[in-house]
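Each of the next two complexes has chain A plus one other chain: chain B in the first, chain C in the second.
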Partner chain A sequence: MPVCSPAEVPASASVRLRLAALARAAALATGGVLGLDAGRAGMRMTASEGLRVDGVVCAALGDGRYQVSVHLVAAMVSLRPLADAVRARVERDVAIAGLADRLGPVDVAVEDVQARTEARP
Partner chain B sequence: MSETQSPRTPARSGAASEPAEASSKATSRRGNEPLSSELGSTTIADAVVTKIVSIAAREVRGVYDLGGGAARAIGGVTRSVGIGGDERMQGVAVEVGEREAAVDLTVVVEYGESIPQIAKTLRENITRRVEGMTGLTVTEVNVAVNDLYFPGDETAAEPARVE
Partner chain C sequence: MILLLRALVRLLGFLLLIALALIGLGFALAALLGDQLGVQLEGSAVSRWLARLEGNDSQGLEAVIGGGMVLLGLLLLIGALAPRRERRAVLEQGEHGTVDARRRPLAQMFTALAERTRGVTHAKAKLRLGRQARHGRLVLRAERPRTTDSTAVREAVRSDVGELAAAFGLKTRIQAPLGRRGRRVQ
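Take a look at the complex of A and B:
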(Lines of atoms letter the chains of each structure in order from A and count residues from 1; the text may use other names and numbers.)
(Lines give C-alpha, C1' and ligand atoms only; values in the text may rest on other atoms or scores of the structure.)
Protein backbone atom coordinates (compact mmCIF):
# COMPACT_ATOMS: atom_id res chain seq x y z
CA MET A 1 0.00 0.00 0.00
CA PRO A 2 1.47 3.38 -0.92
CA VAL A 3 2.34 5.67 1.95
CA CYS A 4 1.41 9.33 1.62
CA SER A 5 2.51 10.69 4.98
CA PRO A 6 4.67 9.60 7.92
CA ALA A 7 1.52 9.39 10.03
CA GLU A 8 0.54 6.31 8.05
CA VAL A 9 3.69 4.51 9.18
CA PRO A 10 3.38 2.88 12.60
CA ALA A 11 6.04 3.71 15.17
CA SER A 12 6.91 0.03 15.24
CA ALA A 13 7.80 0.05 11.54
CA SER A 14 11.35 -0.38 10.36
CA VAL A 15 13.74 2.56 10.49
CA ARG A 16 14.16 2.24 6.72
CA LEU A 17 10.46 2.78 6.11
CA ARG A 18 10.18 5.60 8.63
CA LEU A 19 13.12 7.42 7.07
CA ALA A 20 11.64 7.02 3.60
CA ALA A 21 8.26 8.37 4.68
CA LEU A 22 9.88 11.32 6.44
CA ALA A 23 12.03 12.08 3.40
CA ARG A 24 9.05 11.90 1.06
CA ALA A 25 6.98 14.24 3.19
CA ALA A 26 9.89 16.66 3.62
CA ALA A 27 10.55 16.79 -0.11
CA LEU A 28 6.91 17.36 -0.99
CA ALA A 29 6.71 20.14 1.58
CA THR A 30 9.58 22.00 -0.07
CA GLY A 31 8.52 24.80 -2.39
CA GLY A 32 9.45 24.02 -5.98
CA VAL A 33 8.97 20.26 -5.66
CA LEU A 34 6.01 19.16 -7.76
CA GLY A 35 6.16 15.47 -6.97
CA LEU A 36 8.33 12.41 -6.55
CA ASP A 37 9.26 10.04 -9.35
CA ALA A 38 9.36 6.29 -8.86
CA GLY A 39 10.65 5.74 -12.40
CA ARG A 40 8.99 3.98 -15.31
CA ALA A 41 9.27 0.60 -13.68
CA GLY A 42 8.34 1.97 -10.27
CA MET A 43 11.56 0.66 -8.79
CA ARG A 44 12.63 3.86 -7.09
CA MET A 45 10.81 3.14 -3.87
CA THR A 46 11.18 1.74 -0.40
CA ALA A 47 8.92 -1.15 0.54
CA SER A 48 8.62 -2.90 3.86
CA GLU A 49 5.94 -4.54 5.96
CA GLY A 50 3.32 -4.22 3.25
CA LEU A 51 3.84 -0.49 2.86
CA ARG A 52 5.54 1.34 0.02
CA VAL A 53 7.07 4.81 -0.26
CA ASP A 54 7.43 5.85 -3.90
CA GLY A 55 10.27 8.03 -5.12
CA VAL A 56 12.57 7.43 -2.17
CA VAL A 57 15.25 4.76 -1.93
CA CYS A 58 16.85 3.92 1.41
CA ALA A 59 20.07 1.93 1.24
CA ALA A 60 21.68 0.47 4.34
CA LEU A 61 25.26 1.67 4.80
CA GLY A 62 26.24 -1.18 7.08
CA ASP A 63 26.91 1.02 10.09
CA GLY A 64 23.29 1.32 11.17
CA ARG A 65 22.66 4.36 8.97
CA TYR A 66 20.76 4.63 5.72
CA GLN A 67 21.63 6.56 2.60
CA VAL A 68 18.45 8.23 1.41
CA SER A 69 17.93 9.05 -2.28
CA VAL A 70 15.05 11.34 -3.16
CA HIS A 71 13.95 11.34 -6.82
CA LEU A 72 11.85 14.37 -7.57
CA VAL A 73 10.06 16.35 -10.22
CA ALA A 74 10.74 20.05 -9.91
CA ALA A 75 9.14 23.25 -11.04
CA MET A 76 11.12 25.58 -13.31
CA VAL A 77 13.30 26.96 -10.54
CA SER A 78 17.00 26.96 -9.75
CA LEU A 79 17.64 23.29 -9.14
CA ARG A 80 20.74 23.24 -7.00
CA PRO A 81 19.34 25.53 -4.30
CA LEU A 82 16.18 23.45 -4.46
CA ALA A 83 18.16 20.25 -3.91
CA ASP A 84 19.94 21.86 -0.97
CA ALA A 85 16.61 22.93 0.49
CA VAL A 86 15.20 19.41 0.16
CA ARG A 87 18.30 17.93 1.78
CA ALA A 88 18.16 20.39 4.66
CA ARG A 89 14.46 19.76 5.23
CA VAL A 90 14.91 15.99 5.23
CA GLU A 91 17.72 16.29 7.76
CA ARG A 92 15.65 18.62 9.94
CA ASP A 93 12.51 16.47 9.91
CA VAL A 94 14.46 13.28 10.54
CA ALA A 95 16.16 14.95 13.49
CA ILE A 96 12.80 16.07 14.87
CA ALA A 97 11.61 12.46 14.61
CA GLY A 98 14.62 11.37 16.64
CA LEU A 99 16.30 9.42 13.85
CA ALA A 100 19.21 11.73 13.08
CA ASP A 101 21.78 9.13 14.08
CA ARG A 102 20.31 6.69 11.53
CA LEU A 103 20.50 9.10 8.60
CA GLY A 104 23.43 8.98 6.22
CA PRO A 105 23.94 11.10 3.10
CA VAL A 106 20.80 12.47 1.48
CA ASP A 107 21.06 12.31 -2.32
CA VAL A 108 18.70 14.42 -4.37
CA ALA A 109 18.07 13.51 -8.01
CA VAL A 110 16.06 15.87 -10.19
CA GLU A 111 14.46 13.48 -12.67
CA ASP A 112 12.22 15.95 -14.49
CA VAL A 113 11.13 19.56 -14.54
CA GLN A 114 7.69 20.77 -15.41
CA ALA A 115 5.89 24.02 -15.81
CA ARG A 116 3.15 24.22 -13.22
CA THR A 117 0.51 24.00 -15.91
CA GLU A 118 1.76 20.62 -17.16
CA ALA A 119 -0.23 17.63 -16.10
CA ARG A 120 1.60 14.94 -14.16
CA PRO A 121 1.26 11.49 -15.71
CA MET B 1 23.44 25.32 -42.45
CA SER B 2 25.23 25.09 -39.15
CA GLU B 3 26.53 27.47 -36.51
CA THR B 4 29.19 26.31 -34.08
CA GLN B 5 30.60 28.05 -31.03
CA SER B 6 33.44 26.55 -28.98
CA PRO B 7 35.26 23.22 -28.52
CA ARG B 8 33.36 20.55 -26.65
CA THR B 9 34.86 19.94 -23.24
CA PRO B 10 32.47 18.56 -20.62
CA ALA B 11 33.46 15.42 -18.77
CA ARG B 12 30.88 12.84 -19.80
CA SER B 13 29.23 11.13 -16.92
CA GLY B 14 25.52 11.02 -17.57
CA ALA B 15 24.86 11.85 -13.96
CA ALA B 16 26.34 14.82 -12.20
CA SER B 17 28.20 13.50 -9.21
CA GLU B 18 31.65 13.59 -7.68
CA PRO B 19 33.55 11.93 -4.80
CA ALA B 20 32.76 13.33 -1.41
CA GLU B 21 34.52 16.46 -0.23
CA ALA B 22 35.77 15.64 3.21
CA SER B 23 36.13 19.18 4.45
CA SER B 24 32.95 20.87 3.27
CA LYS B 25 29.91 20.63 5.51
CA ALA B 26 28.20 23.57 3.88
CA THR B 27 24.76 22.81 2.54
CA SER B 28 24.80 25.76 0.14
CA ARG B 29 26.58 25.09 -3.14
CA ARG B 30 26.26 27.38 -6.09
CA GLY B 31 27.43 27.88 -9.61
CA ASN B 32 30.38 25.77 -10.56
CA GLU B 33 30.87 24.19 -7.18
CA PRO B 34 30.74 20.39 -6.85
CA LEU B 35 27.36 18.67 -6.79
CA SER B 36 28.52 16.24 -4.10
CA SER B 37 29.63 16.43 -0.51
CA GLU B 38 29.56 14.14 2.48
CA LEU B 39 25.99 15.31 3.07
CA GLY B 40 24.87 13.77 -0.21
CA SER B 41 24.90 14.34 -3.92
CA THR B 42 22.71 16.31 -6.28
CA THR B 43 21.94 14.74 -9.62
CA ILE B 44 20.31 16.51 -12.54
CA ALA B 45 19.05 14.10 -15.19
CA ASP B 46 19.93 14.66 -18.84
CA ALA B 47 16.22 14.85 -19.59
CA VAL B 48 15.96 17.86 -17.32
CA VAL B 49 18.65 19.76 -19.22
CA THR B 50 17.06 18.69 -22.50
CA LYS B 51 13.70 20.06 -21.45
CA ILE B 52 15.17 23.35 -20.26
CA VAL B 53 17.00 23.77 -23.59
CA SER B 54 13.85 22.96 -25.51
CA ILE B 55 11.75 25.50 -23.65
CA ALA B 56 14.50 28.14 -23.87
CA ALA B 57 14.85 27.63 -27.62
CA ARG B 58 11.13 28.13 -28.17
CA GLU B 59 11.30 31.41 -26.33
CA VAL B 60 13.41 32.87 -29.15
CA ARG B 61 11.62 34.90 -31.80
CA GLY B 62 12.03 33.44 -35.28
CA VAL B 63 12.29 29.81 -34.12
CA TYR B 64 9.29 28.03 -35.59
CA ASP B 65 9.97 24.48 -34.43
CA LEU B 66 12.66 22.14 -33.19
CA GLY B 67 13.90 18.94 -34.80
CA GLY B 68 14.84 17.70 -38.22
CA GLY B 69 12.30 16.84 -40.86
CA ALA B 70 12.43 13.14 -40.05
CA ALA B 71 12.14 13.70 -36.32
CA ARG B 72 9.15 15.97 -36.77
CA ALA B 73 7.49 13.59 -39.21
CA ILE B 74 8.01 10.56 -36.98
CA GLY B 75 6.93 12.61 -33.97
CA GLY B 76 3.75 13.55 -35.78
CA VAL B 77 2.97 9.94 -36.63
CA THR B 78 3.68 8.60 -33.15
CA ARG B 79 1.62 11.38 -31.58
CA SER B 80 -1.28 10.64 -33.89
CA VAL B 81 -1.40 7.04 -32.70
CA GLY B 82 -0.92 8.02 -29.08
CA ILE B 83 2.54 6.61 -28.46
CA GLY B 84 4.55 9.77 -28.91
CA GLY B 85 6.89 10.98 -26.22
CA ASP B 86 7.37 14.60 -25.33
CA GLU B 87 7.48 16.40 -28.67
CA ARG B 88 9.28 19.31 -27.08
CA MET B 89 12.37 17.15 -26.62
CA GLN B 90 12.89 16.53 -30.32
CA GLY B 91 15.80 18.27 -32.01
CA VAL B 92 17.73 18.63 -28.76
CA ALA B 93 20.77 16.58 -27.74
CA VAL B 94 22.76 17.34 -24.62
CA GLU B 95 25.91 16.07 -23.01
CA VAL B 96 25.93 16.65 -19.29
CA GLY B 97 29.08 16.37 -17.24
CA GLU B 98 29.91 17.05 -13.62
CA ARG B 99 30.07 20.78 -14.08
CA GLU B 100 29.44 21.47 -17.74
CA ALA B 101 26.90 20.83 -20.43
CA ALA B 102 27.07 20.94 -24.22
CA VAL B 103 24.03 21.34 -26.42
CA ASP B 104 23.25 20.38 -30.01
CA LEU B 105 20.10 21.90 -31.41
CA THR B 106 18.25 21.51 -34.70
CA VAL B 107 15.73 24.21 -35.53
CA VAL B 108 13.31 25.34 -38.18
CA VAL B 109 13.49 29.09 -38.71
CA GLU B 110 10.79 31.41 -39.96
CA TYR B 111 11.50 32.80 -43.40
CA GLY B 112 12.70 36.39 -43.34
CA GLU B 113 14.39 36.22 -39.95
CA SER B 114 18.15 36.67 -39.54
CA ILE B 115 19.66 33.24 -38.92
CA PRO B 116 22.90 34.56 -37.37
CA GLN B 117 20.84 36.73 -35.02
CA ILE B 118 18.58 33.82 -34.10
CA ALA B 119 21.62 31.59 -33.46
CA LYS B 120 23.17 34.26 -31.26
CA THR B 121 19.97 34.76 -29.31
CA LEU B 122 19.51 31.00 -28.96
CA ARG B 123 22.97 30.64 -27.44
CA GLU B 124 22.39 33.51 -25.04
CA ASN B 125 18.96 32.35 -23.91
CA ILE B 126 19.86 28.67 -23.61
CA THR B 127 23.04 29.48 -21.70
CA ARG B 128 21.19 31.80 -19.34
CA ARG B 129 18.38 29.33 -18.67
CA VAL B 130 20.55 26.24 -18.23
CA GLU B 131 23.15 27.95 -16.09
CA GLY B 132 20.50 29.72 -14.05
CA MET B 133 18.51 26.60 -13.31
CA THR B 134 21.16 23.92 -13.02
CA GLY B 135 24.39 25.68 -12.10
CA LEU B 136 26.10 23.83 -14.96
CA THR B 137 28.36 25.82 -17.25
CA VAL B 138 27.26 25.66 -20.86
CA THR B 139 30.41 25.20 -22.89
CA GLU B 140 28.87 24.90 -26.31
CA VAL B 141 25.60 25.46 -28.14
CA ASN B 142 25.65 24.10 -31.68
CA VAL B 143 22.75 25.30 -33.76
CA ALA B 144 21.79 23.56 -36.98
CA VAL B 145 19.11 25.22 -39.09
CA ASN B 146 17.65 22.50 -41.22
CA ASP B 147 14.53 24.07 -42.68
CA LEU B 148 12.64 27.29 -43.27
CA TYR B 149 9.04 27.88 -42.39
CA PHE B 150 6.88 29.97 -44.68
CA PRO B 151 3.70 31.38 -43.18
CA GLY B 152 0.79 29.46 -44.64
CA ASP B 153 2.84 26.26 -44.94
CA GLU B 154 0.47 24.39 -42.67
CA THR B 155 -1.63 21.89 -44.52
CA ALA B 156 -5.22 22.88 -44.10
CA ALA B 157 -7.25 20.14 -42.49
CA GLU B 158 -9.73 18.61 -44.89
CA PRO B 159 -13.31 19.32 -43.95
CA ALA B 160 -15.05 16.44 -42.29
CA ARG B 161 -17.15 14.37 -44.67
CA VAL B 162 -19.66 13.53 -41.98
CA GLU B 163 -20.91 15.38 -38.96
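Take a look at the complex of A and C:
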Protein backbone atom coordinates (compact mmCIF):
# COMPACT_ATOMS: atom_id res chain seq x y z
CA MET A 1 0.00 0.00 0.00
CA PRO A 2 1.50 3.36 -0.97
CA VAL A 3 2.28 5.76 1.86
CA CYS A 4 1.49 9.44 1.31
CA SER A 5 2.46 10.93 4.66
CA PRO A 6 4.55 9.91 7.70
CA ALA A 7 1.34 9.80 9.75
CA GLU A 8 0.32 6.68 7.81
CA VAL A 9 3.43 4.84 9.02
CA PRO A 10 2.96 3.16 12.40
CA ALA A 11 5.50 3.90 15.12
CA SER A 12 6.39 0.22 15.15
CA ALA A 13 7.45 0.34 11.50
CA SER A 14 11.08 -0.04 10.50
CA VAL A 15 13.41 2.95 10.72
CA ARG A 16 14.04 2.57 7.00
CA LEU A 17 10.36 3.03 6.16
CA ARG A 18 9.92 5.90 8.62
CA LEU A 19 12.93 7.71 7.16
CA ALA A 20 11.63 7.19 3.63
CA ALA A 21 8.18 8.55 4.54
CA LEU A 22 9.72 11.57 6.28
CA ALA A 23 11.99 12.25 3.28
CA ARG A 24 9.08 11.99 0.87
CA ALA A 25 6.94 14.43 2.82
CA ALA A 26 9.87 16.82 3.29
CA ALA A 27 10.73 16.79 -0.41
CA LEU A 28 7.13 17.37 -1.47
CA ALA A 29 6.87 20.29 0.94
CA THR A 30 9.87 22.00 -0.63
CA GLY A 31 9.15 24.78 -3.11
CA GLY A 32 10.22 23.85 -6.63
CA VAL A 33 9.48 20.14 -6.18
CA LEU A 34 6.49 19.15 -8.30
CA GLY A 35 6.46 15.50 -7.37
CA LEU A 36 8.44 12.35 -6.81
CA ASP A 37 9.19 9.75 -9.45
CA ALA A 38 9.35 6.01 -8.80
CA GLY A 39 10.54 5.30 -12.35
CA ARG A 40 8.84 3.46 -15.19
CA ALA A 41 9.08 0.10 -13.43
CA GLY A 42 8.27 1.62 -10.04
CA MET A 43 11.58 0.39 -8.64
CA ARG A 44 12.61 3.65 -6.98
CA MET A 45 10.76 3.08 -3.75
CA THR A 46 11.16 1.78 -0.22
CA ALA A 47 8.92 -1.09 0.81
CA SER A 48 8.52 -2.76 4.17
CA GLU A 49 5.78 -4.55 6.05
CA GLY A 50 3.26 -4.16 3.23
CA LEU A 51 3.78 -0.41 2.98
CA ARG A 52 5.51 1.39 0.14
CA VAL A 53 7.05 4.86 -0.18
CA ASP A 54 7.36 5.78 -3.86
CA GLY A 55 10.17 7.98 -5.14
CA VAL A 56 12.46 7.48 -2.15
CA VAL A 57 15.10 4.78 -1.85
CA CYS A 58 16.35 4.20 1.66
CA ALA A 59 19.34 1.87 1.98
CA ALA A 60 21.13 0.68 5.11
CA LEU A 61 24.77 1.64 5.56
CA GLY A 62 27.34 -0.37 7.46
CA ASP A 63 27.42 2.05 10.39
CA GLY A 64 23.74 1.75 11.30
CA ARG A 65 22.67 4.82 9.36
CA TYR A 66 20.55 4.92 6.21
CA GLN A 67 21.32 6.56 2.89
CA VAL A 68 18.28 8.31 1.50
CA SER A 69 17.86 8.98 -2.23
CA VAL A 70 15.05 11.29 -3.24
CA HIS A 71 14.02 11.05 -6.91
CA LEU A 72 12.10 14.16 -7.74
CA VAL A 73 10.38 16.03 -10.52
CA ALA A 74 11.49 19.64 -10.37
CA ALA A 75 10.08 22.87 -11.66
CA MET A 76 12.25 25.08 -13.89
CA VAL A 77 14.32 26.40 -11.00
CA SER A 78 18.00 26.49 -10.10
CA LEU A 79 18.89 22.93 -9.23
CA ARG A 80 21.61 23.46 -6.63
CA PRO A 81 19.50 25.68 -4.30
CA LEU A 82 16.62 23.24 -4.82
CA ALA A 83 18.78 20.27 -3.84
CA ASP A 84 20.13 22.16 -0.82
CA ALA A 85 16.59 23.06 0.26
CA VAL A 86 15.38 19.45 -0.10
CA ARG A 87 18.36 18.14 1.85
CA ALA A 88 17.96 20.74 4.62
CA ARG A 89 14.26 20.02 4.93
CA VAL A 90 14.79 16.27 5.07
CA GLU A 91 17.48 16.67 7.75
CA ARG A 92 15.25 19.03 9.77
CA ASP A 93 12.16 16.82 9.65
CA VAL A 94 14.17 13.70 10.45
CA ALA A 95 15.73 15.50 13.44
CA ILE A 96 12.27 16.56 14.65
CA ALA A 97 11.20 12.91 14.46
CA GLY A 98 14.18 11.97 16.62
CA LEU A 99 15.96 9.96 13.93
CA ALA A 100 18.84 12.33 13.15
CA ASP A 101 21.47 9.82 14.27
CA ARG A 102 20.09 7.25 11.78
CA LEU A 103 20.22 9.54 8.75
CA GLY A 104 23.22 9.20 6.44
CA PRO A 105 23.88 10.98 3.16
CA VAL A 106 20.88 12.42 1.35
CA ASP A 107 21.04 12.05 -2.44
CA VAL A 108 18.89 14.24 -4.61
CA ALA A 109 18.21 12.94 -8.12
CA VAL A 110 16.36 15.10 -10.61
CA GLU A 111 14.40 12.67 -12.76
CA ASP A 112 12.37 15.19 -14.70
CA VAL A 113 11.87 18.89 -15.09
CA GLN A 114 8.50 20.38 -15.87
CA ALA A 115 7.21 23.88 -16.40
CA ARG A 116 4.79 24.90 -13.68
CA THR A 117 1.20 24.52 -14.80
CA GLU A 118 -0.82 27.57 -13.91
CA ALA A 119 -4.18 27.06 -12.27
CA ARG A 120 -7.05 28.04 -14.53
CA PRO A 121 -10.16 29.69 -13.13
CA MET B 1 24.91 0.80 -28.46
CA ILE B 2 23.84 -1.43 -25.56
CA LEU B 3 20.22 -0.38 -26.08
CA LEU B 4 20.50 -1.40 -29.73
CA LEU B 5 22.00 -4.75 -28.79
CA ARG B 6 19.24 -5.31 -26.25
CA ALA B 7 16.62 -4.62 -28.91
CA LEU B 8 18.46 -7.01 -31.25
CA VAL B 9 18.48 -9.69 -28.55
CA ARG B 10 14.74 -9.36 -28.04
CA LEU B 11 13.92 -9.45 -31.75
CA LEU B 12 16.29 -12.28 -32.64
CA GLY B 13 15.38 -14.20 -29.52
CA PHE B 14 11.72 -14.10 -30.51
CA LEU B 15 12.40 -15.07 -34.13
CA LEU B 16 14.88 -17.80 -33.18
CA LEU B 17 12.42 -19.31 -30.73
CA ILE B 18 9.78 -19.53 -33.45
CA ALA B 19 12.30 -20.99 -35.93
CA LEU B 20 13.51 -23.50 -33.34
CA ALA B 21 9.95 -24.53 -32.55
CA LEU B 22 9.14 -25.05 -36.24
CA ILE B 23 12.35 -27.01 -36.88
CA GLY B 24 11.69 -29.16 -33.84
CA LEU B 25 8.15 -29.79 -35.03
CA GLY B 26 9.46 -30.71 -38.48
CA PHE B 27 12.01 -33.16 -37.09
CA ALA B 28 9.43 -34.69 -34.78
CA LEU B 29 6.98 -35.19 -37.65
CA ALA B 30 9.75 -36.59 -39.88
CA ALA B 31 10.82 -39.01 -37.15
CA LEU B 32 7.34 -40.15 -36.26
CA LEU B 33 5.52 -40.04 -39.57
CA GLY B 34 8.43 -39.94 -42.04
CA ASP B 35 7.26 -42.94 -44.02
CA GLN B 36 3.66 -41.82 -44.26
CA LEU B 37 4.66 -38.26 -45.13
CA GLY B 38 7.23 -39.43 -47.66
CA VAL B 39 10.16 -37.64 -46.01
CA GLN B 40 13.51 -39.21 -46.84
CA LEU B 41 16.88 -37.66 -46.05
CA GLU B 42 18.74 -40.06 -48.31
CA GLY B 43 19.69 -38.20 -51.49
CA SER B 44 18.24 -34.94 -50.23
CA ALA B 45 20.03 -31.58 -50.29
CA VAL B 46 20.69 -31.89 -46.56
CA SER B 47 22.45 -35.23 -46.92
CA ARG B 48 24.48 -33.95 -49.89
CA TRP B 49 25.51 -30.88 -47.89
CA LEU B 50 26.54 -33.03 -44.91
CA ALA B 51 28.54 -35.27 -47.22
CA ARG B 52 30.31 -32.22 -48.71
CA LEU B 53 31.18 -30.96 -45.21
CA GLU B 54 32.78 -34.29 -44.39
CA GLY B 55 34.76 -34.31 -47.64
CA ASN B 56 37.96 -32.43 -48.54
CA ASP B 57 36.36 -29.70 -50.66
CA SER B 58 36.69 -26.00 -49.93
CA GLN B 59 34.33 -24.91 -47.14
CA GLY B 60 34.79 -21.13 -47.30
CA LEU B 61 31.10 -20.30 -47.26
CA GLU B 62 30.46 -22.52 -44.24
CA ALA B 63 33.43 -20.95 -42.44
CA VAL B 64 32.09 -17.43 -43.08
CA ILE B 65 28.61 -18.45 -41.89
CA GLY B 66 30.07 -20.18 -38.83
CA GLY B 67 32.24 -17.16 -37.96
CA GLY B 68 29.26 -14.86 -38.42
CA MET B 69 27.14 -16.99 -36.12
CA VAL B 70 29.88 -16.95 -33.46
CA LEU B 71 30.09 -13.14 -33.73
CA LEU B 72 26.30 -12.85 -33.55
CA GLY B 73 26.31 -15.09 -30.48
CA LEU B 74 28.89 -12.89 -28.77
CA LEU B 75 26.90 -9.75 -29.57
CA LEU B 76 23.74 -11.38 -28.24
CA LEU B 77 25.55 -12.37 -25.05
CA ILE B 78 26.80 -8.79 -24.58
CA GLY B 79 23.30 -7.45 -25.25
CA ALA B 80 21.76 -9.87 -22.76
CA LEU B 81 24.35 -9.64 -19.99
CA ALA B 82 25.93 -6.17 -20.15
CA PRO B 83 24.63 -4.01 -17.31
CA ARG B 84 22.59 -1.05 -18.42
CA ARG B 85 23.75 1.86 -16.35
CA GLU B 86 22.21 5.20 -17.04
CA ARG B 87 24.71 8.01 -17.22
CA ARG B 88 23.71 10.97 -15.11
CA ALA B 89 24.93 14.53 -14.94
CA VAL B 90 26.46 15.00 -11.51
CA LEU B 91 26.14 18.39 -9.90
CA GLU B 92 27.68 17.55 -6.56
CA GLN B 93 29.21 14.45 -5.01
CA GLY B 94 30.41 14.32 -1.45
CA GLU B 95 29.99 12.87 2.01
CA HIS B 96 26.60 14.61 2.37
CA GLY B 97 25.30 12.83 -0.71
CA THR B 98 25.03 13.22 -4.45
CA VAL B 99 23.00 15.66 -6.47
CA ASP B 100 22.49 14.56 -10.04
CA ALA B 101 20.06 14.82 -12.93
CA ARG B 102 18.99 12.73 -15.87
CA ARG B 103 20.25 13.75 -19.26
CA ARG B 104 16.93 14.56 -20.94
CA PRO B 105 15.43 16.97 -18.38
CA LEU B 106 18.76 18.71 -18.10
CA ALA B 107 18.87 19.18 -21.86
CA GLN B 108 15.33 20.57 -21.64
CA MET B 109 16.52 23.07 -19.04
CA PHE B 110 19.35 24.20 -21.29
CA THR B 111 16.95 24.52 -24.21
CA ALA B 112 14.55 26.59 -22.11
CA LEU B 113 17.36 28.84 -20.86
CA ALA B 114 18.67 29.38 -24.38
CA GLU B 115 15.21 30.13 -25.76
CA ARG B 116 14.79 32.84 -23.13
CA THR B 117 17.87 34.62 -24.43
CA ARG B 118 17.25 37.81 -26.35
CA GLY B 119 17.69 37.33 -30.09
CA VAL B 120 17.12 33.57 -30.11
CA THR B 121 14.20 32.30 -32.20
CA HIS B 122 14.58 28.59 -31.50
CA ALA B 123 17.02 26.48 -29.50
CA LYS B 124 17.92 22.84 -29.14
CA ALA B 125 20.37 21.37 -26.67
CA LYS B 126 22.20 18.08 -27.13
CA LEU B 127 23.87 16.65 -24.08
CA ARG B 128 26.39 13.84 -24.12
CA LEU B 129 27.63 12.53 -20.82
CA GLY B 130 30.95 10.79 -20.31
CA ARG B 131 31.59 7.61 -18.37
CA GLN B 132 33.09 9.56 -15.48
CA ALA B 133 31.08 11.88 -13.29
CA ARG B 134 31.24 15.56 -14.24
CA HIS B 135 32.44 14.83 -17.76
CA GLY B 136 30.19 15.75 -20.63
CA ARG B 137 29.60 17.93 -23.62
CA LEU B 138 26.76 20.31 -24.30
CA VAL B 139 26.07 21.41 -27.86
CA LEU B 140 23.51 24.20 -28.02
CA ARG B 141 22.03 25.27 -31.33
CA ALA B 142 20.45 28.68 -30.92
CA GLU B 143 18.82 29.97 -34.09
CA ARG B 144 18.75 33.72 -34.71
CA PRO B 145 17.13 36.13 -37.17
CA ARG B 146 19.14 37.90 -39.88
CA THR B 147 19.06 41.13 -37.92
CA THR B 148 21.18 39.82 -35.07
CA ASP B 149 24.86 39.06 -35.00
CA SER B 150 26.00 35.48 -34.58
CA THR B 151 28.77 36.32 -32.10
CA ALA B 152 26.47 38.45 -29.96
CA VAL B 153 23.86 35.68 -29.78
CA ARG B 154 26.50 33.09 -28.92
CA GLU B 155 27.87 35.27 -26.13
CA ALA B 156 24.40 36.01 -24.78
CA VAL B 157 23.47 32.33 -24.74
CA ARG B 158 26.80 31.44 -23.15
CA SER B 159 26.21 33.95 -20.37
CA ASP B 160 22.74 32.48 -19.74
CA VAL B 161 23.64 28.78 -19.73
CA GLY B 162 27.32 28.95 -18.79
CA GLU B 163 26.82 28.89 -15.03
CA LEU B 164 24.60 25.81 -15.07
CA ALA B 165 26.82 24.01 -17.59
CA ALA B 166 29.91 24.75 -15.50
CA ALA B 167 28.14 23.50 -12.37
CA PHE B 168 27.65 20.13 -14.09
CA GLY B 169 31.20 20.15 -15.45
CA LEU B 170 30.03 20.31 -19.07
CA LYS B 171 32.10 21.56 -21.97
CA THR B 172 29.88 23.90 -23.91
CA ARG B 173 29.72 24.58 -27.63
CA ILE B 174 27.20 27.08 -28.91
CA GLN B 175 26.12 27.41 -32.51
CA ALA B 176 24.07 30.37 -33.71
CA PRO B 177 22.87 29.67 -37.26
CA LEU B 178 20.20 31.65 -39.06
CA GLY B 179 16.76 30.49 -38.07
CA ARG B 180 13.95 29.36 -40.31
CA ARG B 181 11.69 31.95 -41.85
CA GLY B 182 8.70 32.76 -39.69
CA ARG B 183 10.21 32.08 -36.29
CA ARG B 184 9.96 34.98 -33.88
CA VAL B 185 12.54 36.44 -31.55
CA GLN B 186 11.92 35.82 -27.87
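Observations
The rule we apply is simple: the second predicted complex is superposed on the first by the 117 of 121 C-alpha atoms of A that agree within 3 Å, B and C clash if a C-alpha of one lies under 4 Å from a C-alpha of the other, contacts with A are read in each partner's own complex, and residues count from 1 in each chain.
Here is the rule we go by: a contact is a pair of C-beta atoms (placed from the backbone, for glycine too) under 8 Å apart; a residue touches a chain by one contact, two chains touch by 3 or more.
Fair warning: this is a prediction, and the values are worked out from it, not measured in the lab.
After superposition onto chain A, the partners chain B and chain C occupy overlapping space and clash.
Of the two partner chains placed by superposition, A:V15 touches none, neither chain B nor chain C. Of the two partners, chain B and chain C, it is B that touches more residues of chain A.
In the superposition on chain A, A:E111 contacts both chain B and chain C.
Using the contact criterion defined above for the overlaid structures, shared-chain residue A:P81 touches chain B, although it does not reach chain C.
The clash between chain C and chain B in the superposition falls on 111-119, which is one of the stretches 21-29, 75-83 or 111-119.
Residue overlap on chain A between the chain B contacts of one complex and the chain C contacts of the other covers 67-68, 74, 76, 78-80, 83, 87, 105-113, 115. Of all residues in chain A, those touching chain C in their complex are 67-68, 74, 76, 78-80, 83, 87, 105-113, 115. Residues 88, 91-92, 95-102, 104-106, 108-109, 112, 164, 167 of chain C touch chain A in their complex. Remark: chain B residues 15, 20, 27-30, 35, 38-45, 47-48, 51-52, 55, 132-135 touch chain A in the complex.
Those residues of chain A lying in contact with chain B across their complex are 67-68, 74, 76-81, 83-84, 87-88, 91, 105-113, 115.
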